[in-house]
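Presented sequentially are two complexes of subunit A, the first with subunit B as partner and the second with subunit C.
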Partner chain A sequence: MKKKYAFLVDSDKCIGCFTCAMACRNYYHQEKGVVWRHVYPLNEEIYPHRERAFFSLACNHCENPACLNVCPVEAYTKREDGVVVHHQEKCIGCGNCIRSCPYGAPVYNPVEKRAEKCSFCHERLDAGLLPACVQSCPTGALKLVDLATMEPGNHVQFPPGFPKNDKVNSSTRFIMPKVPTMVRR
Partner chain B sequence: MTGQATREEDCMSQKTRALSRRQFLKGISMAGAASLLPLRLLMPYSAEAATAFREQDFQIFRNACPRNCYDTCSIKTYVKDGVVQFIEGAQESTFTQGGLCVKGYAYPRRVYSPDRIKYPMVQDGRRSGNWRRVTWDEAMDRIAGKILEIKEKDGSLLGLGLTKYSGNFGITNYGVEGMMSSLGYTTRFVGTPCWPAGIDAQNYDLGDMWCNDPEDMVKSRYVIIWGANPAWCSVHSMKYVNEAKRRGAKVVVIDPIFTQTAAKGDVYWQPEASSDGALALGMARHILDLGLVDSDFVNNHAKGFAEFAAYLRENVTVEWASGLSGIPAEQIREVAEEFANADPATIWIGYGMQRHTNGGASVRAIDALVAMTGNVGKEGGGARYGHLRTWGFNYHALLQKQPEGSLGFVGAAGPKGEFDFTKGEAASFTDRTVNINKTAQAILDAKDPALKMLWVSCKNPFAQDFDRPKLERAFDTLEMVVSVEQFFTETVNNSDIVLPVTTLFEEWTVNASYWHYWVGINEQAIKPMYETKSNIEIAALLSKKMNQLAPGSCTFPQDIDTREWLEKEFNQGIYDYLGIKHWTDLKNGPVKAKLASSASWSDKKFGTPSGQYEFHSDLCQQNGHDALPRYKEGRKSFDEFRLLTPHTKFGLHSQFVNFDWMQEFNKEPFLYMHPDDARDKKIADLDMVRVFNKVGELKIKVKLTSNVAKKSLVIYEAWFGQGNDFNVQNLVDDESADMGAYKTGAPGVAIHGQFANVERV
Partner chain C sequence: MQSMELPLVLFTVLSQAAIGLVLMNAVRLHAGPDGGNDRKEWTLAAALMGVGIAASLFHLGHPLESYRALAHLEKAWLSREVLAAGIFFALAALAAFTGREKGSPVLVWAAVLAGLSALLASGMTYAPPALPAVNNALPTVFFLISAVVLGAGFASWFAATGSQPLLARILVTALVVGLVVRLTVPCAWLSGSEIMRQTGMAWLGAPLYWVHIALMAACLGVLWKKRTIPVWLPILALAGELAGRAVFFSETIHTAVNIGAPY
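Take a look at the complex of A and B:
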């Protein structure tokens, strides 16, 4: 069976430590202001305590990627294992992908004057290694999963706080956080 | 946990090489660039190599994070063309488990940051910013000249002070203290702002500070995390807490702030800060009433339990504890009962909860709670605080001899100066010791001789020492300040000379943790950048200059090799404890101590004078405290709000937050306060406010959140880099904690016993 690689974001295990985001920067040394992976605090309507629950998000490596569809120079390819790759050497910096992605994954690199985004560390995948962010996660909150074989569980595709877009069919899956019993004075 | 990791690896190994190759070829043909590629890339079976990551393209080095942190991560450093490309956690360590933290992963930027101090520099006028580059020789000439001038005028070097603490825990960095000794008897800032009250408490109760292996927390059936925030300050420990929880343990987090750790527990208690002792004693009373005391432990392995029980019966009730802490009596009873019935149960005692005027007493009360339920000496149990068992190095760099004829203090009795000395008794001289937690006051108070010169290394007093306004006044009385640094901190700004020091990638050393039991070597991975030198190389250079100007004035070796000096730190004891033959074995990865049990005190032979666990400690009483872990009140409020200034997840004290890499995720500091208080003060979210008290003030943006208790203000300690004067020490005074003097030389400091007010600006 063909693989369908995806990120599993387990917000119940996530401690919002930003390790994944910095591990990405450590590996790719992005230009100032260029961020492939962000850690977003959940809105208080979704989790009642400010900055205490998070989604770690990068490219969602969609089934039907908007970036790939709107790119005029075929700078995007989708690998058979699901990874959406941006080939920066072909990019002309038109910004179509940046405007079209419902998740803001492609970002503009002002030095290269081209777009770029999370590559799923496909060069690491091809060497049998985990993506830098997944390897770095100290609590196992960010995982590499294969949607083709993943067993059903408590994970969802469109949790509250994550834009629902059936057309692109994003691959990232989520587990929601829990709230402890609160005893305050 | 392990199971999941294995499944992931299986999943990875299923990848077919053919697929990748096809994918790659498709990619290059689409690029229309296939003809431009070197021919070898199109050869069968080699295409994958062109895209796949190849470890053999790198030189790999072992490093160890030397920061003052529970986790002390073992690092693998990937170097290409003499440049650090990226780093990762060592896979060999089950603690680090292949990952670092947000701070650790920022290290590649630290080495190559454009803000790094590159050369020795001299500032013409403190705080003027008029820095100019000088040669190492010129810098050393000025420094050595000043040292000799002090010696000439005073007859001793007590006018030369050293303040150094935890900025770099690499063992060879104790060569800074060695350098001072090699010059003579000097003034030393001793003690620690970090954890001393708890260290003393554990020494009175147990005879040492010695925690279980944190990895055995998975065996706990009940975990109380009390005043610690590992989700921010020990990220690698969280997997053990989570695993204990997965296996059915209940996790209770007690903290005045609803921390990230609290958000991951089952139950969160938000007590009044500094009421921890009362809470623990209330729980102890309830356990006593229910008859859930471990009678074997208290009768056969402990001293003074009957007396402690009598104290509880006469002076403590659950309602009393509830009244002081604000935690409902029913909750105290429930958790106490569950804790006593769980086997094993453990408490992680954080350093935060002992940073109070009653901190040592509170730790003693919590120790007692763990002990009376028979959880001391048990795997998965324990009153976990810290340990130094893996630190048995030779301290070769530290132990240097004073030059012959050096004059200093007589004994440790106090400042007697050179005037009290009888010539010919040099062997009985000592350094002059002053309290590191009262740096400003100590500088102002030092007399006969006054402090004239200060050497600062592995420390940033303007970021970590208390009462910043007073510290500036104190520094202004000094004739020369030399800082050994990597960045232009506020302390450097208040210095005359700055010497650029190496990062972990640029020197050899070895690092141990005060929490887990892994030890890792730190190899030199790259040549030192610019003109940077390690602390011991700087000491050697100073020695050379001293001896040029005044032969025999410094005993420090003048020509050293950091690798050789690392080797000199090892001994057979360390080898045996780690189960290695030679230190070079650590080049294959970090090694964990061979522990007879994951539990400390598993043989129940305690280090106390009685050899038992001491509910009643005569030693504690002799040192001016209660013999029993009696309740001691916290500091009285002196302003409208309690002020807490704990650690941020984005930094460690003044390190890391200043990097542009970090500021991608953490751009500015905030005050956190409760929305109800904000309403009363007519403050809205993200308003600019002024926080002020008797020490000083700071202006800051506010975020409103009920994570913070009412009548509390929370600001995370950090240094945001040059040009940003945010500094929580403008609001924190130098009030002492109750304990710390016994084991660390000076009492701790009540960092969380602080108060302030706030208004909109």
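Take a look at the complex of A and C:
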């Protein structure tokens, strides 16, 4: 069976430390202001507790990627294992992918004058290693999963606070944070 | 507020003005012989599309590689837009250079087909999944209205006296439809999803949105009073369309801005 790699974001374990985002930056040394992985706090309307909860998100490596479909120069390809790769040398910097991705994954590099995005560290995957962000997560909140063999569980595809778009069919899966235990004296 | 994308504002509005001019030429051709000067009209259409295409290059990081934008005709509406706009420009330039006072009907209908294809491709290009408020037929509707308003306006510079009342009627109709659409759509967004609501609020709170509405209403008022299209009116309408297009690009909210909050 073909692999179908995806990120599993366990918001119950995520402490919002930004280590994943820092690991990504440390590995790829993006230009100032260019960020591939963001850590989004959940709004109090979604998670109304004094404890905070987070979504760590980069490219969602969609089944039917908007970026790939709209790119006029075919700078995007999708590998058999589900990873969506941006070939920056082909990009002419039209910004159509940036405008089209519902998750804001492709970003503009003002120095190269071309778009770029998370590559799922595919070269590390090919070498049998984990993506830099997954490897760095100190709480195990960010995992690499294979959707082709993933057992059904309490993970969801479109939690509150994440744009629902069936058409692009994002691969990232989420485990929602539990309601914190209230201790009263 | 996102980037105003001035090169794209210029490209879309000027290309639609050019397409509108050819549409009005076809309407007059269909209505019967017209004593206007087709060659000058084609020259303006080619010039508007040419300036628009040149302006569009300025939004690219690598304009010299723009020719590669034709590589993904199979799926990308932007590639199809580039192709259709290029064909339209070539036809308009050919008609302008062939030098006859009356344009060839074959060229007119071929340019209409290329122009409408470019309009549809533009509408689909700027209706991406990330902008739910316009991820539908609205961009195509907006662009078609702009094309008819500007086309009827600029065509009045070249049409014979006998065709002026027809152009004035078309312009009035397009302005009324444009005003209704432009006023109701942001209000309808207010009762939509969170991103659509935010887009409605952003549009209604944008000074340029009201400049566009005011200029369309002013054009309508002038036509109501004069019953014909004054020579300066198309410039006023063009200013209004440029303001409206700037709002389209800068105030339409992207889904990614709300990650972590309710949708």
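We take it that the second predicted complex is superposed on the first by the 179 of 185 C-alpha atoms of A that agree within 3 Å, B and C clash if a C-alpha of one lies under 4 Å from a C-alpha of the other, contacts with A are read in each partner's own complex, and residues count from 1 in each chain.
Keep this in mind: a contact is a pair of C-beta atoms (placed from the backbone, for glycine too) under 8 Å apart; a residue touches a chain by one contact, two chains touch by 3 or more.
Predicted model only: the values in this text are computed from it and were never measured.
After superposition onto subunit A, partners subunit B and subunit C are found to sit side by side with no clash. Once the two complexes are laid over each other on the shared chain, residue contacts for A:Gly95 go to subunit C alone; subunit B is not touched. With chain A used for the fit, subunit A forms the apex of an angle whose arms reach the C-alpha centres of subunit B and subunit C; rounded to a multiple of 10, it measures 130°. Using the contact criterion defined above for the overlaid structures, shared-chain residue A:Asn169 touches neither subunit B nor subunit C, since it reaches no partner.
Of the two partner chains placed by superposition, subunit B and subunit C are both touched by A:Glu74. By the touch criterion stated above, A:Gly140 is placed in contact with subunit B alone, subunit C being left untouched. Note on subunit A: of its two partners subunit C and subunit B, the one contacting more of its residues is B. With both structures placed on the common chain, the touch criterion links A:Asn154 to neither subunit B nor subunit C.
Applying the stated contact rule after C-alpha superposition, one finds that A:Tyr103 touches subunit C and leaves subunit B untouched. Taking every C-alpha of subunit B against every C-alpha of subunit C after the fit on chain A, the minimum distance is 11 Å. Subunit A residues in contact with subunit B (one complex) as well as with subunit C (other complex) are 38, 74, 90.
Per the touch definition, subunit A reaches subunit B in the complex via residues 3, 13, 15-19, 21-23, 25-27, 29, 32-33, 35, 38-39, 49-53, 74, 77, 79-81, 85, 87, 89-90, 121-130, 132, 135-140, 143-144, 146, 149, 177, 179-185. Per the touch definition, subunit B reaches subunit A in the complex via residues 1, 4-5, 8, 11-13, 15, 19-20, 22-23, 26-27, 30-31, 48, 51-55, 86-89, 97-103, 105-109, 231-232, 235-236, 238-239, 242, 253, 258, 260-272, 325-328, 331, 649-650, 660-662, 664-665, 703-707, 709. The touching residues of subunit A, counted against subunit C in their complex, run 38, 40-43, 45-46, 54-55, 57, 66, 69-74, 90-96, 99-104, 108, 112-114, 160-165, 167-168. Residues 59-63, 65-66, 68-72, 75-79, 82, 125, 128-131, 195, 254-263 of subunit C touch subunit A in their complex.
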